[in-house]
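The letters A, B and C name the chains in turn, as written, and every chain counts its residues from 1.
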Amino acid sequence: MRPFIYLLAALAIVGMAAVPFTAPWLQFVLTLGIANGMVALGVAILLRAGLISIGHAMFFAIGAYCIAFLSRMGINEFAALLVLGVTGSAVAGLIVGAFVVRYRAIFFAMLNLAISMVVYSLIAKMHGVTGGTDGMPLHTPTFFGVLLDKPGFDLALYYFAIVLMLIIGYLVHRYWKSPLGYALSAIESNELRLEYLGVSARSVLLIAYVVSAAISGLGGVIAGSAIGHILPDFGYWTSSAQFVLIAVLGGIGGAAGPFLGAFFLEMLHSASVNITDAWNLITGIALIVVIVFLPSGLYGLFRKRRRSGS
Amino acid sequence: MLGMIIPLVVDGLTNAALIFFVAVGLTLVFSVLRVLNVAHGSFYSIGAYIAASLCLWVVSAGLNPWLTFVALLASAVILAAALGPLVEATLIQWTFGKPESVQILATFGLFLILEDLQRIVFGVTSIAEDTPMLLLGVTSIGDMVYLNYQLLLILAAIVVVVALRMMLVKSRIGKLLSAVVFDREMALSVGINTKRLFLFAFTLGVFLAALGGALAAPTSGAAPGLGAETIVLAFAVAAIGGLGQIEGAALAAVIVGLARVFAIYFAPQLEAVAPYIVMLVVLLIRPYGLFGSDQARRI
Amino acid sequence: MSKRPLLEAKDLHISFSGMTAVAGVDLTIHEGEFVAIIGPNGSGKTTFLNLCTGYLKPNKGEVYLDGTPIVAMAPRKIAHHGIARAFQIPQLFLDQTVLDNLLIAMAAKQGIWSWFQNLRTARRRAEAMAMLTMVGLQDEADQFASALPEGKRKLLDIVLALALKPRLILLDEPTSGVSTIERFSLMETLMKALREAKVTALFVEHDMEVVQRYADRVAVWDSGRVLTEGPPAEVFSNEEVLRKVVGV
């Protein structure tokens, strides 16, 4: 079973690598898919502890706005933007996380939503600083020192994103299999027992939250760079909803799941852009369908029943 | 100085009244059903849309403008009757006994559905009909002019607080509700029909939210995104007061209403975030709100 | 068995809503002892355990672990200082396998902060299987903890506490929920494991035969205070004890 999955994954990666030549119109969609997958992965990390953040788009937005500000300040190298953008999101995650990890369940979810709405409204209202609802443009940065035109940069970004996806996916996979990752699951199983074993649930969660925020910010950096323009909508609750759906759908598939879910959803978006824009309706229905009809899938996510020896 | 403060206070209390309606519904449903309905704010916005639409119809049909008040109340009743039992009997009941994450996702899903449904049914432009507000006219005190409608709102909110408290303490159903809130297992074992109580409490919550929206419609209309704004605001207020605390929600609503209005006056940029700053400060000092307490304690 | 005091409770008081649950308790547990606490339901036994593990804070009094005052510490810190707790209702990670439950507990002891290393290292697995074998849970290693019957859940709960390699273990009714036949084999296994690991034990128990057989000392609880204490033979020939607790 295992080798088959690896083979499938390898084929998928090769397929993705060939896209700019075989199906160039997919390149942008897949780049965004990877970016969204990153945020969904961030949400999935917290889901492991049974916590649902319905406001995670804020870190996606913070990552994107960080690089927009940096670019405006004159920093024009992608590598620098990337590192600084992710750091900015991580710091934001530390600040927000220090507060929200005291809470669980619905309180946690709603606090995240509330804070994300605050972030959104600050971004949308501070026209002078953030351009308000017009957003901020992002000039094509140099790519590791190499000056490229937009199409060239997009191509480089695409391949870089694929590499990042593999690296981050692998690292999160290791995280989930480590003592710290199991501690995260243990928080949902029996937080009391964990505390009596001498482990601080808050510290475990804070680490998870910061990691999750950083990865989401990375997604924002990728998306922002691909689109070339940053808008407050990056951080709107509708975006958070999408990330939650992707995380819930794809959560069964370990660290790869969110990316698969993101690709699927992104392609669905672009295919139906002329048919409907009732994405909240669809997302809402999809969420309810998943939790009603795929309880084992969901249980796979929330109850983590694993086959022994896997 | 006083002449400056009083209008602000009246504005603040009006604001507070509207938030209170939706927050108290949220907190009431939480205390009885132990479910925090993420879609609760949508009941407010749908109430506003229906009220505004009905009022527009009343006016355009040339009917007696005072009927718009009937329209406001009717909107809340219709919405509560139509959606309350439906949502409670299907979605909410289904989540009982399931992990909390499922509850959160279910009500979040409902929220998403309702938000788009509003956009589809009512369109993307905002609608407003201020006839009820204009009808009541103004009162002059000194050289300040107050809208009587504002005073009506404040009065209505006070009536609701008192009525709720009296219901819980004096009426039979209220006492049953209190029993369920206090100890659900015990209430069940004594033979209390919790199903009916849950239905009642939830529908009452929907009614209160819809009433808030309907009463708000003449002053601020209905626009897309109102549901999302409202749920986070309602949550902030409920959290500040302590989840499940009715009087807490009232006090919190007053604090938040005043905070918003003072923010508009002194620091307009912060108006939208003022409630959340209050929430953050309160929660840092009292993690479960002013009158709340830590719910989950196993062992 | 040394006479060195390990846990000393001094003048412990706690009341809830006007009702005094623990009213001035002095109790000393010496290193290596197995001390049983017996007494009627509601006499404050579990409350005492809660006070010693940071779950509750007393209104008055102090508890010293090897000289260190612990009543103000969070349960987490007390665990680090060497007190482990097994619960009346077993507190397990129900959606993990029995083996994983123990691995998590062992990782908690060894340092949970590694994120890159695997939880299920070969060495840790071997150590865990050894512990499970010692208490007879080795066949259930790959079952989910939720599938275990009550008696085995209690065992697992105790094993998790032992994984902390504590100096003192507090057991809340270790044999309740366990069939009478299995009771003694459970206690034999447990006592053997504790003696081997040189762990001091304080256990609340209702089964007098178990107490008589395995306890070095018995503390009799009544209405929130210690009525009397001493070796089982002495305590069980005390008329007042027999009347109040054993129900003779």
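In the analysis below, a residue touches a chain if its C-beta (ideal position, glycine included) is under 8 Å from a C-beta of that chain, and two chains touch if they have at least 3 such contacts.
As the structure is a prediction and not an experimental result, all values here were calculated from the model.
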* State the chain with the largest centre-to-centre distance from chain A, centres being mean CA positions. => C
* Centrality ranking, top chain (CA atoms only) -> A
* When the C-alpha atoms of chain B and chain C are each averaged to a single point, how far apart are the two points in Å? -> 49
* Structure fact -> Whole-angstrom distance, CA centroid of chain A to CA centroid of chain C, is 44
* Taking each chain's centre as its mean C-alpha position, how far apart are chain A and chain B in Å? -> 33
* To do: Give the residues of chain B that touch two or more other chains, as numbers and ranges in rising order.
  => 298-299
* Asked: Hey, what residues on chain A touch two or more of the other chains?
  -> 192, 303
* **Interface hub residues of chain C, defined as touching at least two other chains** => 91
* Touch list for chain A against partner chain B, complex -> 47, 50, 52, 54, 99, 102-107, 109-111, 113-115, 117-118, 121-122, 125-126, 192, 237, 241, 244, 248, 278-281, 283-288, 291-292, 298, 302-303
* Spell out the residues on chain C that touch chain A in their complex, using ranges where they run on. => 53, 74-77, 79-80, 84-85, 91-97, 100, 103-105, 107-109, 111-120, 142, 144, 160, 163-164
* **In the complex, chain A residues that touch chain C** => 174-175, 177-183, 185-186, 189-190, 192-200, 204, 207, 303-306, 308-309
* Structure fact -> Residue set of chain B touching chain A in the complex reads 36, 38, 91, 94, 99-106, 108-117, 119-120, 228-229, 231-232, 235-236, 239, 243, 269, 272-273, 276, 279-280, 283-284, 287, 296, 298-299
